[in-house]
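Letters are used for the chains, namely A, B, C and D, taken in the order the chains are written, and counting of residues starts over at 1 for each.
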Amino acid sequence: MRGKFKFQDDYVYRMPVHFGGFPFYPGRPVYRDMLGIAIKYETEQEALLQYIPEDFELLEPIVSVQFSDCRDVDWMSGEEYRLMQVTAPVKYLGNSEGLCGDYALVIWENKTCPIVGGREEDGVPKLFADIASERHVGDHWFTAASYEGYTFLKIDFLEKGELNKQDIERINKNSKINLFGWRYLPNLGKGGATLSHATLYPQEVIAKQVWSGEGSVQWTRLTQEQHPLQSHIIKALTELPLVKYTNALMIKCAAQLNVGDSKALP
Amino acid sequence: MRGKFKFQDDYVYRMPVHFGGFPFYPGRPVYRDMLGIAIKYETEQEALLQYIPEDFELLEPIVSVQFSDCRDVDWMSGEEYRLMQVTAPVKYLGNSEGLCGDYALVIWENKTCPIVGGREEDGVPKLFADIASERHVGDHWFTAASYEGYTFLKIDFLEKGELNKQDIERINKNSKINLFGWRYLPNLGKGGATLSHATLYPQEVIAKQVWSGEGSVQWTRLTQEQHPLQSHIIKALTELPLVKYTNALMIKCAAQLNVGDSKALP
Amino acid sequence: MRGKFKFQDDYVYRMPVHFGGFPFYPGRPVYRDMLGIAIKYETEQEALLQYIPEDFELLEPIVSVQFSDCRDVDWMSGEEYRLMQVTAPVKYLGNSEGLCGDYALVIWENKTCPIVGGREEDGVPKLFADIASERHVGDHWFTAASYEGYTFLKIDFLEKGELNKQDIERINKNSKINLFGWRYLPNLGKGGATLSHATLYPQEVIAKQVWSGEGSVQWTRLTQEQHPLQSHIIKALTELPLVKYTNALMIKCAAQLNVGDSKALP
Amino acid sequence: MRGKFKFQDDYVYRMPVHFGGFPFYPGRPVYRDMLGIAIKYETEQEALLQYIPEDFELLEPIVSVQFSDCRDVDWMSGEEYRLMQVTAPVKYLGNSEGLCGDYALVIWENKTCPIVGGREEDGVPKLFADIASERHVGDHWFTAASYEGYTFLKIDFLEKGELNKQDIERINKNSKINLFGWRYLPNLGKGGATLSHATLYPQEVIAKQVWSGEGSVQWTRLTQEQHPLQSHIIKALTELPLVKYTNALMIKCAAQLNVGDSKALP
């Protein structure tokens, strides 16, 4: 007998689709309790440009590596997960809006649900890694990312002082972040793309406390055998020259991820 | 300065795309060492039909729940992971080929890499769960799947006897499996689909040893709070009436997943 | 050639001993950031007495089940872990001091280091379990403990209101906790004990915020096959009659574990 | 009312003791399915002697590092876990028996239950680490151990050829292993030992298949901040000079751990 599942027009579905969808709703989930450590460094422009699609202009040859411990995530019933996000500052050239923001080179996360959602629903290039929770001894904060026991990224941050209220208010005036991604699905059984387009994923971060300090990032290459799916990514990031560190911050904040305002860029 | 990353025609990419793709190659990865426990039960046809898309005909009102411990997976450098697969027997009606196979209602896996690949490259509805490795005391084998500490699926198998060589040869004559999925991507920022089509993902299983026995499956509903993204799926499967068990097998095998032969069904 | 490792008198060692010890120091590690959910219920006195050693008097037939999410643990460089602690209120009868406190029936923790230390250095009966981080939707908080995918303990707490400053000050006047354990080591290769004595492990908790509410605890028996080492413990706790809930609190606090003041009770 | 739990003479207990013990039984659990990779290297005798207690004679300045993937472990209902074991060849001098065997410098395991049992019931210095399952691409096998994302031990093995049946029979003639440990419990609240003695833990390994090859071991120091409880152990092993590799084997085997024959050495 013929199956009875039908899609409803304008509903939103996720795989598996046949257990039902729901009307589109512009969701803007809140992450109520985040700790971020963001470390920026200058690299060589030519080296970085090879990883930025032609539809974007690189504004500065800066790599930003950001660890976040995301807690009290409302769409997950207050669950928690951690991420390591690598971005570069860009302007989108594909239309006349002159949108500026951060192009997501890669984001590692330690839980699958946000990885799948971010890839399929926002075009954000999320991948899995084991990511330790932040630890610290006194003012020295640190964490690391690894795959099957092999460390590939270490972050250290030496806290130097807390920002005052006015500084935080100033930071919060620029609370909106344009995160750019590239959503891509391959053809099945042959080369080429079924779907390939730039995406915009607006986010908002409200700082509660901010500390300045000195940060460092240490990349370690893994062989293709150690990490068959990601060694080329880690290699690329390891080989980007580290000219100098430009900024390091630690931040306690809340974030609103405006998934419902995500869009495919023309 | 404008980014320099360009897609190469006919190359295959995965997100993140900008670290490079590769020429299409009809990959057929081998899972060299699998242990499967497959338990089938009859349900009510009407109940099951609501989860089968119209493009498929349900051949029998049978639910198949299969645990697999996948070891020595070649595309993962011999890594291992585990899965719980729920399927129903169908015929594809969308073209004149009369293809029969198994429609994937849902597949839980405990590692992210195969989940992401299966969803994006094959339309197979894979989701994350914690899945314990199989254990046994004497002839009683068992395992369970859970999310954040809440069990939602238990499997028990009582081994009754090993099949002989001729039986296994007979099984291996029907080693090919048509796994059907449905690949779906939502629009961004509004309802409706960017992409939505049935898929065929051919697989092949070569049995080395097979045991018959008695099996049972126990579903436990989780509340929406306990599992916001999957409670509707578990609820649907929990509510499918269990009319009677029809078959239970344990199998040691190797499998070849013919990803390179996957296709979008018209 | 003869080994050269020698113990130094009055040093403290942990296995492996031969990499060196350190002078005794009365360590009192601080847990800077804890979230606790404590639920108490009355049981039948006779049933509970069978699990309390003769050296203790049971003060009330009350079982206390406490979940704690321990963060910023200083002896672990600020690492985090979670626990489920089951205690009963007792008085120690082995000497004339009339010490009152909580007898530890069992404590499950999700990291090994504090389990090993607690057992060997304090006689606290810690065991391993997977323990999910607390989650909540609005005022409903919940978490669960499981082993290899099988849930054996669920906790739910419905927050009803926050205590005021005076109430918290009052609570903090009784910040000291006498946790009692029983340190035991078996003989090797035969029955009987090498070592067996009651222990006192003083702790201190400073509440920052406290919420009252309604709590519930759900025990689920596991078979001996599902949990060969602990099924008798879970069975015992499952079979303790739940007469009525007497109290439920959620607390944000810091704790000081006065390991250095632990002692063997005569 | 006074507690009613009493110890029964000659019973065996584990913490928590009050849920009951059992008559002594000379348990000899079987590990039905193990894969081991053992790599030996020569070090400098003086350097190694400082970690060998005076009651032992170091027979050769050889460090053996052995990874084992333990599957189908009968006392755990067929569960699995992995370990990294570091030993040196010794003779026990504390009595006249002239017992030779392997002194356990440290054993890392990735599950808590065998760690606790091994420490308390056999004096074997087991500690926790994340230990990846063995992976391989062709003849190259590898795995790693880490703590909170920081790798501290990598093992590589290049398989060169399988041993024939006679060689395996020859190996199995020496199937018995004397593993030596040192059981130690500190005093509470002051320095010095409550209990401190050498132990013998007899084991037996039956090889099914063995491969010779070339192995290497790479230790990486962790800072005290990164691993407060174990950095001194990893430092000691990292600083042992690696003079030359002397042997490397991969083995599929079954093992019998004769816990019931363990004894305290006089």
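In this section, a residue touches a chain if its C-beta (ideal position, glycine included) is under 8 Å from a C-beta of that chain, and two chains touch if they have at least 3 such contacts.
Just so you know, these numbers come straight off a predicted model, no measurement behind them.
When the interfaces A-D and A-C are ranked by how many C-beta pairs touch across them, A-D comes first. Work out the mean CA point of subunit C and of subunit D, and you get 29 Å between them. With centres defined as mean CA coordinates, subunit C is found 38 Å away from subunit A. Residue positions of subunit A with contacts to 2 or more other chains are 76-77, 79, 133, 135, 137, 148, 225-226. Taken as a contact graph, the chains are fully connected, with every chain touching every other chain.
The touching residues of subunit D, when paired with subunit C in their complex, are 1-7, 9-20, 23-24, 26, 45, 49-58, 75-77, 79, 90, 93, 104-106, 111-113, 115-116, 119-128, 148, 181-196, 199, 225-226, 228-229, 232-233, 236, 260-264. Touching subunit A in their complex are the following residues of subunit C: 76-80, 133-137. Considering their complex, residues 130-133, 135, 137, 140, 142-146, 148-151, 154, 225-226 of subunit A touch subunit D.
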